[in-house]
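Comments concern the structure below.
A, B, C and D are the chain letters, set down in written order, and residue numbers restart from 1 in every chain.
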Amino acid sequence: MNTFGRNFRCTTFGESHGLAVGAVVDGCPPGIPLTEADIQPYLDRRRPGKSPLESGRQEADRVEILSGVFEGRTTGAPIALVVRNRDVRSEDYDALRDVFRPGHADYTWQEKYGLRDHRGGGRSSGRETLARVAAGAVAVRCLEPCGIVIRGRVIEVHGAAEPEAMEAEIRAARDAGDSVGGIVEVTATGCPAGLGDPVFGKFDAAIAGAMMGIGAVKGVEIGEGFGAARLFGSEMNDPITETGFASNHAGGILGGISTGQEIVVRIAVKPTPSIRKAQRTVDLAGEEREISVEGRHDPCIAPRVVPVAECMLAIVILDALLEQAKYRGFGATGHGVGA
Amino acid sequence: MNTFGRNFRCTTFGESHGLAVGAVVDGCPPGIPLTEADIQPYLDRRRPGKSPLESGRQEADRVEILSGVFEGRTTGAPIALVVRNRDVRSEDYDALRDVFRPGHADYTWQEKYGLRDHRGGGRSSGRETLARVAAGAVAVRCLEPCGIVIRGRVIEVHGAAEPEAMEAEIRAARDAGDSVGGIVEVTATGCPAGLGDPVFGKFDAAIAGAMMGIGAVKGVEIGEGFGAARLFGSEMNDPITETGFASNHAGGILGGISTGQEIVVRIAVKPTPSIRKAQRTVDLAGEEREISVEGRHDPCIAPRVVPVAECMLAIVILDALLEQAKYRGFGATGHGVGA
Amino acid sequence: MNTFGRNFRCTTFGESHGLAVGAVVDGCPPGIPLTEADIQPYLDRRRPGKSPLESGRQEADRVEILSGVFEGRTTGAPIALVVRNRDVRSEDYDALRDVFRPGHADYTWQEKYGLRDHRGGGRSSGRETLARVAAGAVAVRCLEPCGIVIRGRVIEVHGAAEPEAMEAEIRAARDAGDSVGGIVEVTATGCPAGLGDPVFGKFDAAIAGAMMGIGAVKGVEIGEGFGAARLFGSEMNDPITETGFASNHAGGILGGISTGQEIVVRIAVKPTPSIRKAQRTVDLAGEEREISVEGRHDPCIAPRVVPVAECMLAIVILDALLEQAKYRGFGATGHGVGA
Amino acid sequence: MNTFGRNFRCTTFGESHGLAVGAVVDGCPPGIPLTEADIQPYLDRRRPGKSPLESGRQEADRVEILSGVFEGRTTGAPIALVVRNRDVRSEDYDALRDVFRPGHADYTWQEKYGLRDHRGGGRSSGRETLARVAAGAVAVRCLEPCGIVIRGRVIEVHGAAEPEAMEAEIRAARDAGDSVGGIVEVTATGCPAGLGDPVFGKFDAAIAGAMMGIGAVKGVEIGEGFGAARLFGSEMNDPITETGFASNHAGGILGGISTGQEIVVRIAVKPTPSIRKAQRTVDLAGEEREISVEGRHDPCIAPRVVPVAECMLAIVILDALLEQAKYRGFGATGHGVGA
């Protein structure tokens, strides 16, 4: 399943060291102004090699729109977005051809498919997220006229919550040939009430699936999240007043449907599995091996997850907006948001 | 979206105070032995009124199989499962007709649909989970010959982790007219490696969506979960040895695909929103009101979430097994689990 | 796949001689007035035993709405519709337990599932269409306020096109222990322009799939249909004038999208495969057998296909209307029907 | 909906006069040998400009595989196929910018989307089928080791059934500035019994939807098709003998499931709507206009529909094979093809 979304559908393709990575966006509303310049800034934010704390891979990551836009506006036809790979150094990975890197998908993909493209992680590489970011940037563009704004940031790295302390943790890990995890928070303001579908298409269920589907994510929470397990009902419930909700412990979602408040999501990002430190593993023949993963890797992947998480949230929100719009003016007496 | 699953598809219906609650299971493999007696124990575990710490609603919850089974075996045709509602006291809810209960879906459903069945929460009631449990019990039955066993338990209530302490927390909350949250852990043993689909159909993404889609759940984590954010890569990565993985920080999933180890999932359950304590809210006209939710409610919903979470996990696993089986013997040289 | 539709989704269940036949309708717009009395007339039209030319099976076919309607209006929750089977004479079918009836699904279901419910055709019985008709009647109810009217009729039986001649053909076939085929035409007026989705979700593709999915249908055509193969472009093309299209050879669909004209569909219905005349077949052991299908069968199924075809068309149209409504008022400059 | 298929999923993109046309194939089994050379012959068969009776557009139509293949074999990852457009003469279409060509999608797309790419028909151009053919060629490659062979041919043009007569009809139409329709037959041999899903996913329903989704197709029939409406049951039913079915009036499908016999499908192709002869139409402002469609057009599109229909049938069959394989060896006693 390389397609995400029900109404705004994004299909991605491409491997880390293949010819290109890209996405086809189907279901984009027609008439939306769109050029490569709307998408490129998101790819630039995601791009590696911007600081000494990030992977040294140098990719221009220039996106090309192959279809679906005519005279500067979307037409309703599928929008194909392609980014050619350039700085491919597959020989870095030759040593890994027959070895399973711990913490990576190498072993599981081999089990699943019986063969795999080992170069740079192939399809399971973080580079795949480039395609989601391109597609998500289109969703962000569609949400703009609706007044919906999405923002993400790293709120914790290896237990540290202050910017300087976070950077120090990353630096220390890098110098030790190790890596560290972190927590990313993503929020959305401007979402109308009524988004999300009971019972299995809950808004929070869709968000959780989207976020857990980002590589390296091991946990997702909404509003109080795991903290809710330690609260009384009288603390957790958000009182409703004439002017709206008096608090937002729910994180903007009740019963799987948006309340109109800010959507608040946090995700746990595991430490980058690629580390220089020696690790035990086996090869294809089942023989034990010691491995030290050289190459160009981020010692903490959390900062680069930020635009990916933003874009996934944008897709989920746009998808829910389109779903909800179905009942508008349909003939029913009451049917939803602002009806 | 009242349908869950791609291959083993479960569609649920029914309201808390309507005539019946039920499910239609489509895509169940043919030839599986199945009777009502395979399903009933799961409904019994989920049923309210079993202890003084639970809702006093008395429902026999007898399931009837209307179709899809012939001479004791599934036929491949859809299996309709129906449970008639009996102990319906809708008049308990008359006072709530025009008032939004804090922490409930009342407000958001009204916003979404423009009207709602207020009796006992209608479709957004926890009683809907009965249908999932019935469908999930069918999935559990299908997994048995595969040697896959799923188990759930409450591991924390309001911060307490010992059974006695948990019970004390629930009792204290009930006596105070309040409620408490908790954490449920669900595990699956016997899952083969290779389940789950990159990129958007990751096994952990499917689990996260399934779990977050259970009412009252505000967080989901796999393996180390949020704890992974505080680890070094050298701590998080599971070494691979000749005899298998040396640890299971990953919770049985790498790169979105099962490793063959135990699947470990934890979910955060918020405190029951229905509490006797007075709360501020508004009515349909927007006027402020004070509300004290009477009726029959569990002071902690976590114990009753356990069979629901088990059943959702069973559906996700069976669904992935069926998906993976597609490539079996298809003509490719290597294609998956046990190939 | 026992679910049909993308937005208005209908899942059916039940076997001819099981406990019940029914449907769950998901995605019905909220606020639509609906009672059993809206559905029953469609079931009555489809019901057997109304004339000596039809199957003698006597079923009251009373539908019960189990969920999704509150105080006479749909709520947006799934609508479960159940019809209990009553006049079940399974012993009529004992002789058929191990024999494959020619022209029926007996052999293919056995091949597919490895076992089957042989009683009255089980799930492959024409009785399954009862569930579609129930669901389709809900769709018809939703289309009413939109001014969309669907009508079907038999236009040919065994080559005869006049009512009296058609009846004579049916009578003659019945008396000979044989059966005859026919052609049904279904039309829809009031459909707005703009329905249907390029490229694979074309309106005519959806109609063709829906119609060919009715048992016994062997052909589908739109507008001129097969006749178009014998025309010049200058004859087939419908000129456009200031007051609209000057003709309707296209049958209301161009490029897979509705033109706003009448939708015209014709389907070929094969002769009822159950005939008293002796036929050659084999049994489960592969031994040759002669079979004469006794029991209660229509000598021409075309008249009873009419309400089924109407209901399938209603579902397709409603589904497309909901799909099209997604882009309404979304922020794009132009986006569809009546925008 | 620019995606087709449930297991073998093909998403197409691109406009006639845009930068490129292409497809992303998701769900292809891993380990299948595949290179551009497997796909190119299908594109060549579909390509225009091969004879004086076809459109004069000159396109090399060279396909490039961007992803999903590693060392000559499919990996299970999505396969992106791209064909760059080259011989684009958009200025030919300037005169058509504000005019609706009769028989084309111009009017309906404008109604649906509120704007359109008018150049060469944009997304509604027959050039889109190039992407389906590329994807279908991959399906054909997968079917090869299964022994399934698909063949299509034109069996009628404007009523003529002999090759010379068909060519004469096309030539005469071209010389008159007109066009003619025809009938295409597609067959598949080697399909196992048991393919297709009751009730709504019938094999014939899937085929009908696939075929009617090809532009210019106005009718689809299986086996006897419309002829079945004129037969007796005793003529239509295929007797079953110890050595198999004694005839194939059913066209290889009974009860929506394949019988193991040859699959026989016929489709009606309307005359090419683009003709030089003057026609009445209106422009965007609703003013009446006379139009003569110049440019490069086939006077009969049926021959070029042949590879498209073959490829769509290949996708439907492969999709059904993958679906059916799900139940293989799953634990049920009997479950399908060759089980």
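Operating definition for what follows: a residue touches a chain if its C-beta (ideal position, glycine included) is under 8 Å from a C-beta of that chain, and two chains touch if they have at least 3 such contacts.
Predicted model only: the values in this text are computed from it and were never measured.
A comparison of the B-D and A-B interfaces places the larger number of contacting C-beta pairs at A-B. Among the remaining chains, A is positioned farthest from chain C, on the basis of C-alpha centroids. The distance from the centre of chain A to the centre of chain D, with each centre set as the mean of the Cα atoms, comes to 36 Å. Distance between chain centres (mean CA atoms), chain B to chain D: 43 Å. Per-chain Cα centroids separate chain A from chain B by 25 Å. In chain A, the residues that touch at least two other chains are 1-3, 12, 30-31, 73, 76-77, 112-115, 123, 198, 332-335. Within the complex formed with chain D, the residues of chain A that make contact are 1-3, 9, 11-15, 18-22, 24, 26, 30-31, 64, 66-68, 70, 73, 75-80, 82, 112-117, 122-123. Across the interface of their complex, chain A is touched by residues 1-4, 12, 100, 102-109, 111-115, 123-124, 128, 156-159, 173, 176, 178-183, 193-202, 204-213, 215, 217-242, 246, 250-251, 253-260, 268-275, 277, 279-282, 286-288, 302, 324, 332-337, 339 of chain B.
Those residues of chain C whose C-beta lies close enough to touch chain A in the complex are 7, 29-32, 73-74, 76-77, 142, 145-146, 198, 321-323, 325-335.
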